[in-house]
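Chain nomenclature is as follows: A, B, C and D, assigned in order of appearance, with residue numbering initiated at 1 for each chain independently.
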Amino acid sequence: MNHRNIAPTPPMGWNSWDCYGAAVNEEELLGNARVLAAKLAPFGWEYLVCDIQWSEPTADSHEYHPFAPLCMDEYARLMPAPNRFPSAANGEGFKPIADQVHAMGLKFGIHIMRGIPRQAVHNNAPILGTDATARDIAASYSICPWNTDMYGINPDAPGAQEYYDSIFQLYASWDVDYVKVDDIANTEYKPQTPYSAKREIEMIRLAMDRCGRPMVLSLSPGPAPIANGWHLSQHANMWRMTGDFWDQWDKLKGMFDYCEKWYAYVGDGCWPDCDMLPMGKLCVKKANQADGGHMSNFTPVEQKTMMTLWCIFRSPLMMGGELTSLDDATLKLLTNPDVLAVHRLGSHPRQVMRQGNFRVWQSDGAEKTYTALFNLGDETTAFPALEQLGLAEKIAKNLWTGEAIVLKDCMIAPHGAMLLETQA
Amino acid sequence: MNHRNIAPTPPMGWNSWDCYGAAVNEEELLGNARVLAAKLAPFGWEYLVCDIQWSEPTADSHEYHPFAPLCMDEYARLMPAPNRFPSAANGEGFKPIADQVHAMGLKFGIHIMRGIPRQAVHNNAPILGTDATARDIAASYSICPWNTDMYGINPDAPGAQEYYDSIFQLYASWDVDYVKVDDIANTEYKPQTPYSAKREIEMIRLAMDRCGRPMVLSLSPGPAPIANGWHLSQHANMWRMTGDFWDQWDKLKGMFDYCEKWYAYVGDGCWPDCDMLPMGKLCVKKANQADGGHMSNFTPVEQKTMMTLWCIFRSPLMMGGELTSLDDATLKLLTNPDVLAVHRLGSHPRQVMRQGNFRVWQSDGAEKTYTALFNLGDETTAFPALEQLGLAEKIAKNLWTGEAIVLKDCMIAPHGAMLLETQA
Amino acid sequence: MNHRNIAPTPPMGWNSWDCYGAAVNEEELLGNARVLAAKLAPFGWEYLVCDIQWSEPTADSHEYHPFAPLCMDEYARLMPAPNRFPSAANGEGFKPIADQVHAMGLKFGIHIMRGIPRQAVHNNAPILGTDATARDIAASYSICPWNTDMYGINPDAPGAQEYYDSIFQLYASWDVDYVKVDDIANTEYKPQTPYSAKREIEMIRLAMDRCGRPMVLSLSPGPAPIANGWHLSQHANMWRMTGDFWDQWDKLKGMFDYCEKWYAYVGDGCWPDCDMLPMGKLCVKKANQADGGHMSNFTPVEQKTMMTLWCIFRSPLMMGGELTSLDDATLKLLTNPDVLAVHRLGSHPRQVMRQGNFRVWQSDGAEKTYTALFNLGDETTAFPALEQLGLAEKIAKNLWTGEAIVLKDCMIAPHGAMLLETQA
Amino acid sequence: MNHRNIAPTPPMGWNSWDCYGAAVNEEELLGNARVLAAKLAPFGWEYLVCDIQWSEPTADSHEYHPFAPLCMDEYARLMPAPNRFPSAANGEGFKPIADQVHAMGLKFGIHIMRGIPRQAVHNNAPILGTDATARDIAASYSICPWNTDMYGINPDAPGAQEYYDSIFQLYASWDVDYVKVDDIANTEYKPQTPYSAKREIEMIRLAMDRCGRPMVLSLSPGPAPIANGWHLSQHANMWRMTGDFWDQWDKLKGMFDYCEKWYAYVGDGCWPDCDMLPMGKLCVKKANQADGGHMSNFTPVEQKTMMTLWCIFRSPLMMGGELTSLDDATLKLLTNPDVLAVHRLGSHPRQVMRQGNFRVWQSDGAEKTYTALFNLGDETTAFPALEQLGLAEKIAKNLWTGEAIVLKDCMIAPHGAMLLETQA
């Protein structure tokens, strides 16, 4: 099955990182899954993704414990820590959780780091079905700059592909539907030739194809190099365009530049990724947040701007905030059917104007045009150039409100957006 | 008129650089125009382009004479040197030649360098319709590394836009249809901030829009930065992906990597440019070629490979060899209707496989698929992965020969290509 | 004569830039010369240096007028503008001023830019004693990023060395004693290979050796590349370690890092240069200083720190402030005989301690050691590590005050310095 | 004791790397020590240095075994592998070997890698005398690109300095006289801020000062950054100017450029290091040398050139070839008293001429001048510029032969050198 057919529209779901960091547990996963199923799934949200370090028994915040021992099977394959995920005990892995998630009508995803655990290399664990050992396939010089779990894998070593095959077989046996591979999308910070993450991406693609179960492949973190656009499209369903995104206006403003660079690669089962949506309650387990997290620093206007950009651009939509404490206002932003139709149906998204702090994006619907107007400046301003864009005096549907408006002296709040539908 | 509508298909024509260098003259231009009109125009070739340094009276080869005085009007606008272009005397400019070219049913193009002549700056010439002078608008730090004619223009200086307006008014008065602007597409070698060629591209776009005559805008030389893909699409019809292309196999092989980077930007009136086709007789006036030029160093197989790539990718097609000495074999390569149909009609070109020295590209026709197979290696080899590509055992039309073939054990010569049409 | 013998001690004098910018005139030069001769010469200050753009008739501030026509002889050699330097009329050049300066017991220096005037290139002026012209020897790609006067010179062109010979013959005929060559010491910002300022430095050295008159060779601006230390020592007497130095504390603090890098090259007629001393009245002609300049922004404590560093390091000492309005406090800082003895006699200067905001430098006198203590922090603090440095409880002479002190609990003011002499 | 007093002249001795790679053993060490003592020590050669990986039991060539377990005590301190160094059994370490070496009248040195063993980090070994563990002080992102033994040390972690203290205490207890620290001199290839080897150098200096035994500190590999010259001088006795040096003419030719950069830092107990002398029998245990090594690829002329440069520059002299198979010709090159006097007594070495393929270096003796003439070209040539250097017609002593010569038409063989003494 061609990987482009696995995600015909941009994936939508929930990811544990923004609220629970490296410390999510089974109860939290399932609690959020229940809300996802009940309130969001009817609108297309379907993936429940367990993010980083589920094999680390002592993980307790957004920070990592350097060199902490990880749960691992005899073949150097990381396993969920049973103290955090009780159903994973006795080698069950994530299968019991996946079963429950599937029973709710959802799909289940996990996060992994590229490479092989450093502890397996120092213990010299065997690679399943081969004569090779962890030491044979580790690329000792290829390490992640922000996490000590893994060594990269030397693609030329016998046993290297087999190791990736072995972990994806395991994930297939758990009925995993989505894998987010980390420390892999930004190939440019790796200083040591001849290392290149491109080869690891290829091994992972092949291992996925061989495992027999369709899985969405998501690559992190960015910035992915634009010069690798074709290669990424050939191997993955989504890849991060930027470093970690958080609830800060400058990051949201900066995302427009990344979308401008990547728009031409959107579509056909491949979705350059704006990262999770930091809305609602965040950082529940962050070390320096004694009070159990904070509400998103984005204003309501900015949150609408974010949703508008993610939807017109057709980024994957992965909610980052805690669903078990989801408020109504946030829920409403996530479930506007007209807005989500732009995300699902709009084709050929493109920026059509960039002028000072204004941006205009468009995509094509069935006999209609979707248009998003953005004011990234700090003043309420009349939108310029409506005439030049062919929008002046036109009747449009304001998709956030549902009302029909005439485009004339269109005023947009600072940091704000409008999302419009016009007849083609 | 939106610039995207000016070149709905990739421009085709002839350019004087590959055969006459900086030294082309009126007789040569018109001689080549006559062959273009007679033999190639029926197949879609229409632009006759006069390349660099038509204002330099002493130009005599592919080399430039540093600081040579240029023909210029009183407003710092370069004029054709009358000793080389007699019809341009008395301020007529290129109008008489354009008229003749138009009378043949062709379109007429010229080359310019971005900026304002250094001699105008040192003479402090006035800018038409302004109080500014050449000194006021020159960006003294912004020079071309390989030619001494011009200073760049400071986009913030009053008079800067007016200067560009004034030269495009002039070109419109000459009935020019195509302008190739040089020293502008590769914005990355400019060391001195705050200079950026992006601003000069914007001024040129505006000047073109204002001049009242539709003209194709072509930007050189590359490599254009891939990160500027959107900006280039917004302003130009074609832009060079590489440095100067010549009849050397390594350059042709390397072009595939550039096409891989740029394919997503092809279409909608914008055509990333593989550069001229160095076929037939070349370098007629090159200094070290006493014998009056050389025949293209590309083998017939390589020439077919080049045409196949340019066509499936939908690069502009600008013939570089001398048309007045055009041989039949070359003519045949330029006028195969089936092959040119791929160029004109194929949409959404994309690389679909890259494996060792093999490449496969496809584009979509009306209820058909075009497929190009390339063997960039040095051995005749059976093409791999036909099955995986869905091509095995399929009946296809070999577009270079017209014959129907069954794709099975498809052997391709070293450096060779096949171009196929299959039913969708 | 070996160039190392021309400046056996670091040159001392006055330079016109800090107070008059590009706009100094004859009257100002001679006015300052008179004060230099009367008040400073007895303490060793001897060079009177006319800085940049003496050939530009319209120069009126610290800013340059791009492309302004320059006074030039028929052989592309710049001449003093007679409207600013009346005695230079009729081709006399700087000879009359040099004569007057010499008559005061001083030496005379001028500033030049490397290269040949752009206007000479565009006019194609002949090179004295050769068949070459300005166009033949200009390196068109080699321009100064901040001034439009010159093109660099192509060292491989016939006539290149002869041009440099011709200008130094002229300067010798004027009895010039010191030449500051600009746009030449920092060879690292030049982007265009194969250009390298090293070759121009070599041509200038040779032209100086040939001209028959000993002249100090000073190279600007920095930062000179440390990897070129030997090459600079072989050709010049002084070279700038940094970009332009001004009366800002962060620049003074930063100078310590440059001295740390360059100390090993001090001596034997070669003097890495800390740049002019911006003390007293500065920027008299600066465009935005309607009030005729400003007094140095350095506090008295900082000025003493600056003098202490320049002296212990043995930097050239070139006073930058206006001497005709010299105040007593500044005069005193410039004429302390004990402090200047360290500058003249100290050998083998070296940093001996760097700890947080503290620095200690030492050099050797005749049976004595000079020690400078610096507190670059913002708090008055007891100096650490006196014991470790062998200074604790020692009797020392405080060279700024003349008094004997015992080094114990030595307190130094923020941004302050002490300069001490101890018996070896 | 100031470290500058530990090596008043440049260290001389023998190092095991060039002949035995990572695989030297006790018998080989002592065998070479005996020849060193008998034949070379009378001429000043005194250090016997055991190079890299003495704690790796399976080391058998110049290649490393990635992730091989190392011999280590309970406090994360590497210990000699008893299978290779039998006398080190039972925790004796290198003390028994050091005793034997000292008994021969020699001094003893060892090699270490900066950092803490990765295996100690994964095992979480305690740091002697602290509550910290290996995990606490490891800088996980700071790894050596060519060897997997260690993690760098985070200088800000409690316990970091104590770890370095603990290993130097151990070396002091073994009576070590010389420590070569590896993976530390070239601080520029480390990509990950905030890591800087400067801080590790400072910790090592302090640990050495605290251990109570004077030891020479040697830093490898280069190229050490010239901008760190002062810092290196303040902390070490010698540091490598280049990457690994071997018996290849281009490396020897290239060394002259490094000496040109570093000459100003030679002296006062600090000795920029040209690396070992690959003379005699080399690579005895190299994997692909079935025949037990090879004789130096340097010709006799080139070997003399190498010795001449190392001596006039005052590089440390560490013989790299196997002493147990030392031939007479090599012995003679290593024991010429006149040549070694230049090494021991010459002060203020400096390049005085560089012209095409010629180089001239000089240093000062007692009322004499030492001069080395080098011809780095491929033709026998008369040396130019003797007059300009003040050497023409002078009577000189040829130090390699002892004979008096008159310097006139001085011919030097390709790749050759002359070393001369003249009266000052």
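Odds and ends about this structure:
What we mean here is this: contacts are C-beta pairs under 8 Å (C-beta built on N, C-alpha and C of every residue); 3 or more make two chains touch, one makes a residue touch a chain.
All values derive from a computational prediction rather than experimental measurement.
A count of contacting C-beta pairs for A-D and for C-D identifies A-D as the more extensively joined pair. For this pair, subunit A with subunit C, the centres built from the Cα atoms lie 58 Å apart. Centre-to-centre separation of subunit C and subunit D, using mean CA positions: 40 Å. Remark: subunit A and subunit D have CA centroids separated by 52 Å (rounded to whole angstrom). Touching two or more other chains at once is no residue of subunit A. If you check each pair of chains against the touch rule, the ones that pass are A-B, A-D, B-C, C-D.
The residues of subunit D lying in touch with subunit A in their complex are 66-67, 118-119, 121-122, 124, 135, 138, 140-141, 143, 145-146, 148, 189, 191-192. The residues of subunit A lying in touch with subunit B in their complex are 226-227, 229-230, 234, 260-261, 263-265, 350-351, 354.
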